[in-house]
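Next up: some structures, all given as structure tokens.
One chain, subunit A, links the two complexes that follow: it is found with subunit B in the first and with subunit C in the second.
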Partner chain A sequence: MSRSTSTRRAPILAIYATVVFAFIYLPIVVLILYSFNRDGVGGFPPSHLTLDWYRQLFTDGPIWDSVLNSLLVASGAVALSLTVGLLAALALDRASFPGKALFRRLVLLPLILPGIITGLSLLMFVVLSGAQLSLFTVFLGHGTALISVATTELFAGLQKSDRAQEEASLDLGATPWQTFWRITLPNLRLALVAAGLLIFTLSMDEIAVTFFLIGRDNTLPLEIWGRLRRGITPEINAVSTLVFAVSVVLIIVWYRIRMRSVGTEAQQLPERP
Partner chain B sequence: MSSAPILQPTSADANAPLLEVRAIAKRFGTRDVLKNISLNIASGELLTLLGESGSGKTTLLRLIAGFEQPTAGEIWMSGERLDVLPPYKRRVNTVFQNYALFPHLHVRDNVAYGLRVQSVPKNEIAGRVDDALKMVKMVEFAGARPSRLSGGQQQRIALARALVNRPQLLLLDEPLSALDASLRKQMQSELKALQREIGITFLFVTHDQEEAMALSDRIALLRDGALEQVASPREIYAHPATAYTAEFIGQTNLLRGEICRSIATCGVLRWPLEEADAPARFSLRPEAIRLCPDGRRQTNEVKFRASVRQQIYGGASELLEVDCGADQLLRVRLPACGPLTGEHDFVFSIADAIRVAD
Partner chain C sequence: MYSRAYKTLVSAPPLIWVALFLLLPYGLMFAHSFWTVQDGVLVHDWNLSNYQKLLTNSLYAEVLFRTMRIAASVMLCSLLLGYPLAYYLSFHSGARKELLYQLVIVPLWVSYLVRGYAWKTILGSEGILNGFLQYFHFTHEPVSFLLYSPFAVVLMLTHIYTPFVFLPIYASLEHIPRPLVEASEDLGASPASTFFRVILPLSMPGLLAGATFAFVLSLGDFLAPLLVGGSSGTMIANIVQTLFGATYDWPLGAAISVSILLITLTLLFLTERLEKRWSFE
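And then the complex of A and B:
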């Protein structure tokens, strides 16, 4: 019964899916195409392909400054959110304390909170504390907003790890501190790399929170946004294409690492008595 | 933990137990997992904690290792209170049920782990790791990852990793349960030989009574968190204290009856017994019953007539189920006797009917 229904529905579903995917990806394809179009934006289909816009891009100082700023902020955000997120994940997995359920929800809240709320509240905090808006405040904003991502990813990693190994370490004379560095952390390394990549990618193209906290130095997304107010230039298409390519690579690496950690777990399960 | 070379402690009193479990109780929530356990383990002994799953044997092991805290009671080892120390300060090592080898370390580094974290000098570590690998015959696997080893090999590495630290007491949590039957038998005899050779005290947890009988100097039988009986395998088999013990260790016939005016009566069986009048239960091992072809019994024997209901051939011996009348069935183990049918006379010695508590 259900099989025949699904066969009958299949063509409609296929068309629907194609339309949705086209809606999402066609603009990206057009953007990539235009980045190679000699006539820049407009003139479809592109008549003459060229790498001129990329050449222009590589000599554009402000763009590269903003790329460097974004890399700095993203690296810092990865370090900050992984450190704090690991501690939070450990607390959620290992400790039992009053208010744990509330703590869990509070930690995960930024995941569903609109970026505009997070950004606005962080801006108010920075202004009240009398600090100057700068890349450092952007780094703090990204780092704290992404703690929830780090916590969920690392908590999942901790849940999968074998507690008997930590007991074995203590049993063999290692202190809890030694056990953390020699057993817990190495066992988490896949989850750490996966979470790090994800956070890096999210931070690289973050706009909402950044918008409120930015000082004089732009990150790449804000630099692009700023230039767009003066009209779309083919150079923007070129840089967007590069960002897209790097993001795709990072997401694929992240996904593979994640699958590998899940895959090894699936292999180990049947061996358990 | 001190990094000084560790010597076996010389106890002033040679008979003092290595480990003393004093009135230990453990409660998880509202469940009493262990109730008032007191148990001594002598130095060099191989003691088995035997019990069904849920009897509390693994919990007792984890209390001694330090992974759980007792609700009441104390644990002492060589004159030192153990239960207040964290696991890493106890001269106790564990072989875990699923081995818990470190997957990211090679076999050699797994074995060296305990020595490294305790800052044993490097040149000493190499020698001790080699010795430990030799002891379990795994030298050629030193560079392998644990995931590449078979279950039996992982088991050996887990053993070497624990023993390299020269513990006073080695805890083994059902270490053979993941192995197949033939490998299990082989590891049993290897474990026993190894324990003799190195003289380290073993506390072995298992639910397999045959394994317990084969390995142990003494067996501590746990039931619902309480000790049912602690004795040598021979003693616990020949003189089970309770009906539970008699049935758990080997096969037996549990006879229910009463003692009245110095006569024990269990169904159709009766024999003289100089004990106070009371209801009573007896354990009578199947092999204590013999055929009595000439129909004549000694004065200290009980004779009965029974018909053979079922006969199971077992090579060296045969197991019969016989009906003594009034639906009283007994199991009888005879040396290979050929097919047997119809009614026969059987005897058993009165001394073999062991009175057991409920």
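And then the complex of A and C:
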């Protein structure tokens, strides 16, 4: 028997993997480094490290307004997509109805299609319905597009949970309603928290769909986007650094919880919208 | 075990929601592509003139061709970076596997905009790379072809989609039964021959899925060209975006969107078929 293949050394491959990691992380490291650079976003080497850009950022009203808007939209999107996504996951897991296969594909479509198509379709819908573009339309867009993520994540959670408990509850005389609140939902607790965190992060960062549904009030990514056209300063690096840090923390927490709720199958992640 | 009422109660709301807020909007997009605009007013007159315009005006074909070239380059580059990385993690990383895996997936979910912006500051003519090159006297004049070019778009999208391509490949490598690999080695196959005759074929479904993601998502991207592409890096989705904005020709924009959608769905369908053929379960 040969040695276990996962421990064999492969120096050239290891170097190649290091280079790929460098490619993935170098831009982010550079971005963070230059958020402390007094003399602007370019040039080499960075000199005169300073916290001035962060000071400027903390007194920048429009940025914090947009952060608040993003938080509102993301919280709403989490609530909406988890509610519809939970029902959709239950339906896919337990019910059979005409067009089920089509429904499954349709729900997942926003994950796979370019954001511009989902964004423009929803824009046409909003215009047709006579509504004004606003944070509400952005919330509607995020919530609807992210049902895809909620459904895949919660479906995985349902497949993992123990159906026998529900059967026992129903056999022992609990109503389906009681069974749902006392068995189904508590069993899905971790999956719900994990999906919620992921959806929150994705909504906070979303730009392609938002681009077409935004009204007068900007979300944070759209505010940053607007500033990129007016000449850039390390203040953008500073806000990007904070966005990055918050996202990383949320994603790590999400991953840990997900490992506990769906185990090693956590490695089969849903695709990013 | 679940009653009919229960099943109806859980299926009806998502069905209605998805019909109203996904199916109807996508349907509207489809309908628009057959309408026209005359003197700034939408005319609900069903015909194929938008599609005719797409086929006859060489500008659209040119941009679509460039877009496909960029998407194919992104696909190829992300595979070249993502496959060896996945292979290394799955077969040779030993005890650090879990940590390294997390290191790949964290950036996957982290802000598209932040990462795009980082490339903009690196590649600019007064950017960090140029500063670096001049500081070490590799060049004396700033190199200006880096930013605002198709190259910059490919670079940025490859950066974004490499972790994406990595994921399905890694998942399919992890599913390969190790005894198969050991059997191949014990029976005297060289490492190269084990890789090409056992591992690569068995990881084909993941490779195909990853390649399709990278291609399809690059195909419809309009933000990377706006950020780092310049006019020479304009892609098909940028034309759609202009038609929906300044030019105000929604029907033509919708026709292009429907074309992108059809290309995307065809590719996904083909990949699914191929994946089934290659899968060994």
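Simple rule for what comes next: the second predicted complex is superposed on the first by the 248 of 273 C-alpha atoms of A that agree within 3 Å, B and C clash if a C-alpha of one lies under 4 Å from a C-alpha of the other, contacts with A are read in each partner's own complex, and residues count from 1 in each chain.
Everything below uses one rule, namely that a contact is a pair of C-beta atoms (placed from the backbone, for glycine too) under 8 Å apart; a residue touches a chain by one contact, two chains touch by 3 or more.
From a predicted model like this one, the values you see are computed outputs, not experimental measurements.
*Asks:* Quick one: on subunit A, after the overlay, do subunit B and subunit C clash, or do they fit? Just give me the call.
*Replies:* Here subunit B and subunit C can both sit on subunit A without a clash.
*Asks:* Given the touch rule stated above, what does A:Ala156 touch, subunit B (first), subunit C (second), both, or neither?
*Replies:* In the superposition, A:Ala156 contacts neither subunit B nor subunit C.
*Asks:* Classify the contacts of A:Asn187 with the two partner chains as first (subunit B alone), second (subunit C alone), both, or neither.
*Replies:* In the superposition, A:Asn187 contacts subunit B only.
*Asks:* Touching A:Ser169, do we find subunit B (first), subunit C (second), both, or neither?
*Replies:* In the superposition, A:Ser169 touches subunit B alone.
*Asks:* By the touch definition at the top of the document, which applies to A:Phe103: first (subunit B), second (subunit C), both, or neither?
*Replies:* second
*Asks:* With both complexes superposed on chain A, which partner does A:Gln178 reach: first (subunit B), second (subunit C), both or neither?
*Replies:* first
*Asks:* Based on the superposed arrangement, let me know which partner A:Leu71 touches: subunit B (first), subunit C (second), both, or neither?
*Replies:* The answer is neither, since A:Leu71 touches no partner chain.
*Asks:* A:Pro45 in the overlay: touching subunit B, subunit C, both, or neither? Say first, second, both or neither.
*Replies:* Touch status of A:Pro45: second partner only.
*Asks:* In this superposition, which partner touches a larger number of subunit A residues, subunit B or subunit C?
*Replies:* The partner making contact with more of subunit A's residues is C.
*Asks:* Would you give the minimum C-alpha distance from subunit B to subunit C, in Å, for the three-chain superposition?
*Replies:* 5
*Asks:* After overlaying the two complexes on chain A, where does the subunit B footprint on subunit A coincide with the subunit C footprint?
*Replies:* Looking at subunit A, the two contact sets intersect at 167, 170, 176, 272.
*Asks:* Any idea which subunit B residues touch subunit A in the complex?
*Replies:* Residues 1, 65-67, 86-88, 92-94, 96-98, 100-104, 113-114, 117-118, 161-162, 165, 177-178 of subunit B touch subunit A in their complex.
*Asks:* Residue numbers of subunit A touching subunit B in their complex, please.
*Replies:* Spelled out, the residues of subunit A in touch with subunit B are 162, 164-165, 167-176, 178, 182-183, 186-187, 272-273.
*Asks:* Looking at the complex, which residues from subunit A come into contact with subunit C?
*Replies:* Per the stated touch rule, the residues are 1-2, 4-10, 13-14, 16-17, 20-21, 23-25, 27-28, 30-31, 34, 41-45, 84-85, 87-88, 90-91, 94-97, 103, 106-107, 109-110, 112-118, 120-125, 128, 140, 144, 147, 166-167, 170, 176, 198, 201-202, 205, 207-208, 211-212, 221, 224-225, 228, 232, 236-237, 240, 243-244, 247-248, 251-252, 255, 267-269, 271-272.
*Asks:* Quick check: in the complex, which residue numbers of subunit C touch subunit A?
*Replies:* These residues of subunit C touch subunit A: 1-3, 5-8, 10-11, 13-15, 17-18, 21-26, 28-29, 32, 81-82, 84-85, 87-94, 97, 100-115, 117-122, 124, 126-128, 130-132, 134-135, 159, 162-164, 167, 170-171, 174, 178, 181-182, 185-186, 213, 216-217, 219-223, 227, 237, 240-241, 244, 250, 253-254, 257, 260-261, 264, 268.
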